[in-house]
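In the two assemblies presented below, subunit A is common to both, partnered first by subunit B and then by subunit C.
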Partner chain A sequence: MTDLTASQVQSTDAVRARSRFPVHIAVFLAPAVAIYTLFSIYPLIDTIRLSLYAGDETGLRSFVGLQNFRTLLADPNWSGQFWNALRNNLIFFAIHMVVQNGIGLGLAMLLSLPRLTGGSVYRTLIFLPTMLSVVIIGFIWQLILNPLWGIAPSLLDAVGLRSLFGPWLGQESTALLTVSLISVWQFVGIPMMLIYAALLNIPDDLLDAATVDGAGPFSVFWFVRLPLILPTLGVVSILTFVANFNAFDLIYAIKGALAGPNFSTDILGTFFYRTFFGFQLQVGSPTMGAAVATAMLVIILIGVLIYLFGVQRRLQRHTF
Partner chain B sequence: MGPTVRGTTARPGRIAVHIALILYTILALGPILLILVNAFKTRRAIFADPLGLPNGQTFTTIGFDRVFANADFGLYFFNSMTVTLVSLVLIVLIGAMAAWALTEYRFPGNTLLSLYLAIGIMVPIRLGSVSILRMMVELNLVNTLTALILVYVAQGLPLAILILGEFIQQIPKDLRDAARCDGVSEYRIFFSIILPLISPAIATVAVFTMVPVWNDLWFPLILAPGDGKQTITLGVQQFIGQYVTDWNAVLASLTLAIAPVLVLYLVFSRYLVRGLTAGAVK
Partner chain C sequence: MTKLHSKAFLRRAGRLLAGASVAASALAFAHAASAQTLTIESWRNDDADVWNTKIIPAFNKKHPDIKVQFKADPPTEYNAALNARLAGGTAGDLITCRPFDASLDLFKKGNLVSVNDVKGIENFSDVAKSAWSTDDGKTTFCMPMASVIHGFVFNKEIFDELKLTPPKTMAEFHAVLDKIKADGKYTPIAMGTADQWEAATMGFQNIGVNYWKGEEGRKALIEGKQKFTDPAYVDVFKELASWAPYMGDGYKSQKYPDTQNLFTLGRAAIYPAGSWDVPIFRKQADFQFDAFAPPVVKDGDKCYISDHTDIAIGINAKSKNMDAAKTFLSWVASPEFADIYANELPGFFPLSKAKVEVKDPVAAKFVGWRGTCESSIRNSYQILSRGTPNLENELWNVSAQVMNGSMKPEEAAKKAEDGLASWYEPHKK
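Moving on, here comes the complex of A and B:
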């Protein structure tokens, strides 16, 4: 906005001669820039600023520099929880990358087969869970996996796997995996759709040429289609990354803010919520909450930068 | 296409492909159907025969009666509707105006401003919650739908501007140039020529914007958790937290939350699929 007004002052005549530039452009842009700046960018910057302060009981804030981050990363009262949440979040992300995006890729491959009957019906139905609220999905699976209802064990019984059943959501060793898989189940439609669209974009001549040259279905996939959809896989990965490191709703719905059992499903989103609002005996702290949010912001930015400057650049050079 | 090459060789594999897709579809829909079916059964039938359809003996709506008696789902639904629709209208209108300005006019700082507006696509606004809450407290907007709408508009704008901008670029230049020759103002060019032309893209933006807003738990939980301003997602979450052992009521409340989305999705899925696969079918 500033260089807009500056140029207006500097060369009003020149601008007017070229076009009727400033006023209407400013009018078109102002509402979006104002709301976006006020309720999105300003809060993010203000959160970073707040993370450098500490508040006491009276509500007075004082500047403490990076002290909050030192507390977060090294104070035994905090660091254990932070590293635990970060580790769980990485596992959560890894499961999504492998299982969600793997299944998504597989389904997209099947759906993009030429002249598949009912393709759009499958697509629509498989995408359906993605549309529902994460909260609703969380409760649905909580009921299904509830040993009281007994649906899960009797279904496993039908395929002879009853012995595998356990209170998966309640055990420390399996809770995180179970929650991750519920999330995978819900969101598999997104990579499926994006990869499907990318596969449709591949010109048929390329595939035909490869087939005529004697390439089998596997070689066509590995040497022709996969390299051509790598940019889309990059997009899918970064979307998964941002969504996972920002996740909260599912864990909160299934496990509550304490992310039990014994914090085994705690991820950065739930840790942020607890730090900010407090839980049980601990009082919430806006400044420590801001520090956790800033740490999450840094993690997400690192991921985005790796994608933009590492992955995306290389992929584009590779394909075009 | 190479019908002779792939059409004939693929035949035997086709059945296997369909079996795989059908199995996955069952896995995707089964859990949801299970909830919908059991919501209409007696408690005894829910446990004795969870997979069976309700019949004359087991059919009941007692769960729904209890939900309506104990929670104001009508109000929550109305709140969600209001927040979603007002946000949507604002996002589309304001977003289209900005997208138009950024794609149509060359001016200093254009690229920089586009990049600035794109930050929100990758950086989740949630991380600014501490400050957003402080701000809403100062503005006296806690427990109001206005607070939610402002945040959701800020959250939805970046993606809307991106999608609408790409769409506006595809509109032929002749129309607006002709209008300009006739001396039509830039405002009228936008509101009476461009805005009607981008309605297909608006449908895509609508789907991408409405779903996250309707389903969100975080901001309702932080900004409007009480005073009858709960959205349906938060309302269900609070209700189930209280009535966790009442299976009929829990299943009924889940069904009430699922049903409207299900209906809307099946009606509008074309737009969504088209949006997600935009540019794929040429």
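Moving on, here comes the complex of A and C:
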């Protein structure tokens, strides 16, 4: 096609297009909008609507306003469980932030060492658990930590530390920490990869310049690399936050929906599951479950908003 | 892109969509036309083999025109999965019923139909039907299938080696435990608290009936004449707490399959059991095992057993094959079904009045206690688990905690009672 014909077509078309609705924009947006509306926005709004209703024993639903939320926050039978789940969830998140993202950052730094051999092998191995099914992860770790036939007690025995071993998954004081660390082990590959990619993006000139100016390895990390990967750390944090407050599967696989002992591993996801679907003799309540889900949505929303307005606006993205 | 192009593109996309939807609806129609089979929803995935190779073929001998398909979910997911499928209209024709409120709830929501008019329902006593009837007892909505009985299974070879006899009283029980512990080779009690329900069902409900005198105590609890803080109930928790030193290393994170393996590998002497464990042990254990009934509190006491109505089958109200489903239910009520079920799945005992001979000696022993002891069902199942907090969940929680030593028996009793009193009128006084 020559330039001449192209400009001719454009000029006649442009006149008509300006006066009429831009169909192509709608067409291009349609798939995403349709899929999002159908599978994300509609269920979200319907969940919020459902949380304002209550069902009687025949399954008929009637509008009750904010009654479900009042029950959830004011009735001690509900609020006790809710705050307990929220507290456990915060601990779960804190452990991920400190341990998972800390180790992820450390591993990324190690991987980006210039004279590292076999880097891609480590990278693959560390990332591998992320791709495994949660059920398998739960099963493997329960076997490893099993006091009767697990290898953890025998390994500790071999180095003379058998007395340190305990039924960690079964004790109220250690169960949540153990489950969190299993989850950390599984997902540490994600922050590692994201941070590693960010580190690779830093031009060598900057690091060389800093070194020439007399900065040691620690100063280079602290004053050059860390500020440059801060936006990535922010993204990692928000991903961890959302994933942790939606977490459910690992705890369900390891501890069941009653999240024992004494609800010490109960997080919002398992609390929601029991409420919505019921458990053993507890009959599930879709409306109360929707209220719990809405509460979770609000909590996640608050977290994301704090991040967006409190953190992200202050971060500067450096481009080279 | 020019307008002409975009129009053509849209038209093509539209045609594609239309074609796809026609194809999809044609498929759906073909599916509906071929659906002449009955589908059974169940949580007994362990029994799929028996259903497919024994029960369904036996039914088809009589009714070759009705195809039956057995579809099971894992037990812990059944209630949730079933409710979701019922809500979505994709549930099977026949629904395996949990006892009491879970099924009553389905009936009240119109998901199950009354089976009062199904032939064969007259083969069951009122007690057998109680778990699947409305509170006034007038309407039954599931055909009872089987009950499970609690007791203790023991490794006969270990008992012979240590010259032990099955205990009859709690004092004898502790003497036996002490001897096994003193010998040091075997774990006296195979039990874990990680799954929580083991502590509540195999512990609390298993031995508890002898303390609260079976039905007498269970009914008094429902009427509000007894409370969990009464000595009978506190004593059960005290007894459970005393088991801790006899349980395996790290029992706090020991799960149900671990417990089963501990026993079938011959490393534990006594296994607080549900009768449903018998067929599993029959397959896995290569030693002789036997059973004793829950020991009574004092010598000469009347004995009680937890003979829990556990499983029944009802009809999905939306089923398109209502007549075929009723035919199947009538067959489930027949002595023929009772005989197959009792002997293919020893440990599930038929509830019908028909006399059935159980061939497995250990399972026969379990069912034999019906003759010598009084039967009762689990005390948390009828009515008492309707409110929040859920009594059954509470009992799992506190029983496990008592055995873990993180809660005193008196505190456990108080927690269960307080929870119940917070919503159940007869306990508010």
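Just so we're on the same page, the second predicted complex is superposed on the first by the 282 of 320 C-alpha atoms of A that agree within 3 Å, B and C clash if a C-alpha of one lies under 4 Å from a C-alpha of the other, contacts with A are read in each partner's own complex, and residues count from 1 in each chain.
The working rule: a contact is a pair of C-beta atoms (placed from the backbone, for glycine too) under 8 Å apart; a residue touches a chain by one contact, two chains touch by 3 or more.
All values derive from a computational prediction rather than experimental measurement.
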Touching A:Leu107, do we find subunit B (first), subunit C (second), both, or neither? first
For A:His24, decide between first (touching subunit B), second (touching subunit C), both and neither. both
Going by the contact rule set out at the top, does A:Pro167 touch subunit B (first), subunit C (second), both, or neither? second
Which partner does A:Gln312 reach: the first (subunit B), the second (subunit C), both, or neither? neither
For A:Gly260 in the superposed arrangement: first (subunit B), second (subunit C), both or neither? second
Thinking of the overlay built on chain A, is A:Val283 touched by subunit B (first), by subunit C (second), by both, or by neither? second
Check the residue A:Asn77 against both partner chains and state whether it touches subunit B (first), subunit C (second), both, or neither. second
What is the contact status of A:Pro147 with respect to subunit B (first) and subunit C (second): first, second, both, or neither? second
Partner touching more residues of subunit A, subunit B vs subunit C, is chain B
Kindly list the residues of subunit A that each of subunit B and subunit C touches, one partner per complex. 24, 27, 149
Residue ranges of subunit A in contact with subunit B within the complex: 1, 3-4, 7, 19-22, 24-25, 27-29, 31-33, 35-36, 38-44, 46-47, 50, 103, 107, 110-111, 113-118, 120, 122-129, 131-136, 139-141, 143-144, 149-151, 154, 185, 188-189, 193-194, 196-198, 200-201, 204, 207-208, 211-212, 238, 242, 246, 248-249, 252-253, 269, 276, 286, 289-290, 293-294, 296-297, 300-301, 304
Residue numbers on subunit C that touch subunit A, as the complex places them: 1-3, 6, 9-10, 76, 79-80, 83-84, 100-102, 105, 108-110, 192-197, 248-255, 258, 261-262, 380-381, 385-386, 388-393, 396-397, 400-401, 404, 406-407, 419, 422-423
In the complex formed with subunit A, which residues of subunit B make contact? 1-3, 5-7, 10, 17-18, 20-21, 24-25, 27-29, 31-32, 34-35, 46-47, 50-51, 94-95, 97-98, 100-102, 105, 107-109, 113, 116-117, 119-120, 122-135, 150-151, 153-155, 157-158, 161, 185-187, 190, 211, 214-218, 221, 233, 236-237, 240, 247, 250-251, 254, 257-258, 261-262, 265-266, 269, 272-273, 276-281
Which residues of subunit A touch subunit C once you look at their complex with the stated criterion? 9, 13, 16-17, 23-24, 27, 57-59, 75, 77-78, 142, 145-149, 153, 165-172, 255-258, 260-263, 273, 277-284
